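By written order: A, B, C and D. Residues from 1 in each chain.
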Amino acid sequence: MDKTDTLRRLRNVEGHLRGIERMVDEDAYCIDVIRQISAAQAALSRLNSRVLHEHLHSCLITAVRGEDPGERGRVVKEIGEVYEMASKV
Amino acid sequence: MDKTDTLRRLRNVEGHLRGIERMVDEDAYCIDVIRQISAAQAALSRLNSRVLHEHLHSCLITAVRGEDPGERGRVVKEIGEVYEMASKV
Amino acid sequence: MDKTDTLRRLRNVEGHLRGIERMVDEDAYCIDVIRQISAAQAALSRLNSRVLHEHLHSCLITAVRGEDPGERGRVVKEIGEVYEMASKV
Amino acid sequence: MDKTDTLRRLRNVEGHLRGIERMVDEDAYCIDVIRQISAAQAALSRLNSRVLHEHLHSCLITAVRGEDPGERGRVVKEIGEVYEMASKV
């Protein structure tokens, strides 16, 4: 179900990009292109946030409550990495 | 030519998103999905930056050097707006 | 006047940081520290946006309307650079 | 020790802001002010990333491995929130 929702959202952004390609092809005003690209990026940020939410409530909890310290360390480290990607450290 | 380059880059991101859809469909690891979505966003940021570069060197210069103060004000205001979008003020 | 406003805003963020130092010193909860640091960053983003606004309506217009193509090119290039900094390209 | 490091970094950014105040007071070029403010923001992002790192390896692990599901849910939810703040969803 969440997978269906993620796929639907990805396809929406894909459709949005095709719309932007048409705009560029028809020589739309640069600033309007930038605005549309920014809107597509914002949709991808919201999607990332949902994927992370699911991950935290399933994989992370399972790994941290599990008995493998290596696995636990790995999963926790990844959260730090995606946070840095989001804040572009 | 720049239009061709912009279109090629947009199609690349579109292809990237289709790849992410396949990953999601095949139950890829959430963190890998987030990493790929972040890479697609970074490609869109670089594209925005190129579109703005062209805009600054053509439309902005023409409008600011032109004799219509309304047009000049509008074009300058838009630069402030895309800057705020980029910094998510 | 705008200078006074910029200085006042910078001093506010400075005071905010001193408050965060006190929080850290008194062993505040990590997430609360992150929230306050994010709020200070948002205040700096708003300030950057105001400084850019003034710059666009004064220096940029003067340089672009001026007769030195080197100066015009330099000022336009800088706008591209601060945009890239804001979008962390 | 980590607390000492966090405090030292916060004081550095505070000192950086005071330097920017002097620049503004001496009528520095707007673009240079924007560059310095962006550098201060980047230092705060790196600091946030370190504070989160510590939090993940201590509080988060303790809460998720603990037996209080409410506490576990709260700590996991906060990670989603700081991620959204960083990506400005």
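The rule is short, and it goes like this: contacts are C-beta pairs under 8 Å (C-beta built on N, C-alpha and C of every residue); 3 or more make two chains touch, one makes a residue touch a chain.
All values reported here derive from a predicted model rather than from experimental measurement.
Chemist: So if I look at the partners of chain B and the partners of chain C, which chains show up in both lists?
Modeler: Chains that touch both chain B and chain C, as defined above, do not exist here.
Chemist: By CA centroid distance, what chain is farthest from chain A?
Modeler: Farthest from chain A by mean C-alpha position: C.
Chemist: Express in whole angstrom the distance between the two chain centres, defined as the mean CA positions of chain C and chain D.
Modeler: 16
Chemist: For chain A and chain D, let me know how many angstrom lie between their CA-based centres, rounded off.
Modeler: 22
Chemist: Measuring from the mean C-alpha position of chain B to the mean C-alpha position of chain D, what distance in angstrom results?
Modeler: One centre to the other, that is 27 Å.
Chemist: Which parts of chain B, given as residue numbers and ranges, touch two or more other chains?
Modeler: 45, 48, 52, 82, 86, 88, in rising order.
Chemist: Considering only which chains touch which, how would you classify the arrangement: line, ring, star, complete or other?
Modeler: ring
Chemist: Sort out for me which residues of chain C touch chain B in the complex.
Modeler: 42, 45-46, 48-49, 52-53, 56-57, 60-61, 64-65, 72, 76, 79-80, 82-84, 86-89
Chemist: Residues of chain D touching chain C in their complex?
Modeler: 3, 6-7, 10-11, 13-14, 17-18, 20-21, 24-25, 27, 29-31, 33-35, 37-38, 40-41, 44-45, 47-48, 51-52, 54-55, 59, 78, 81-82, 85-86
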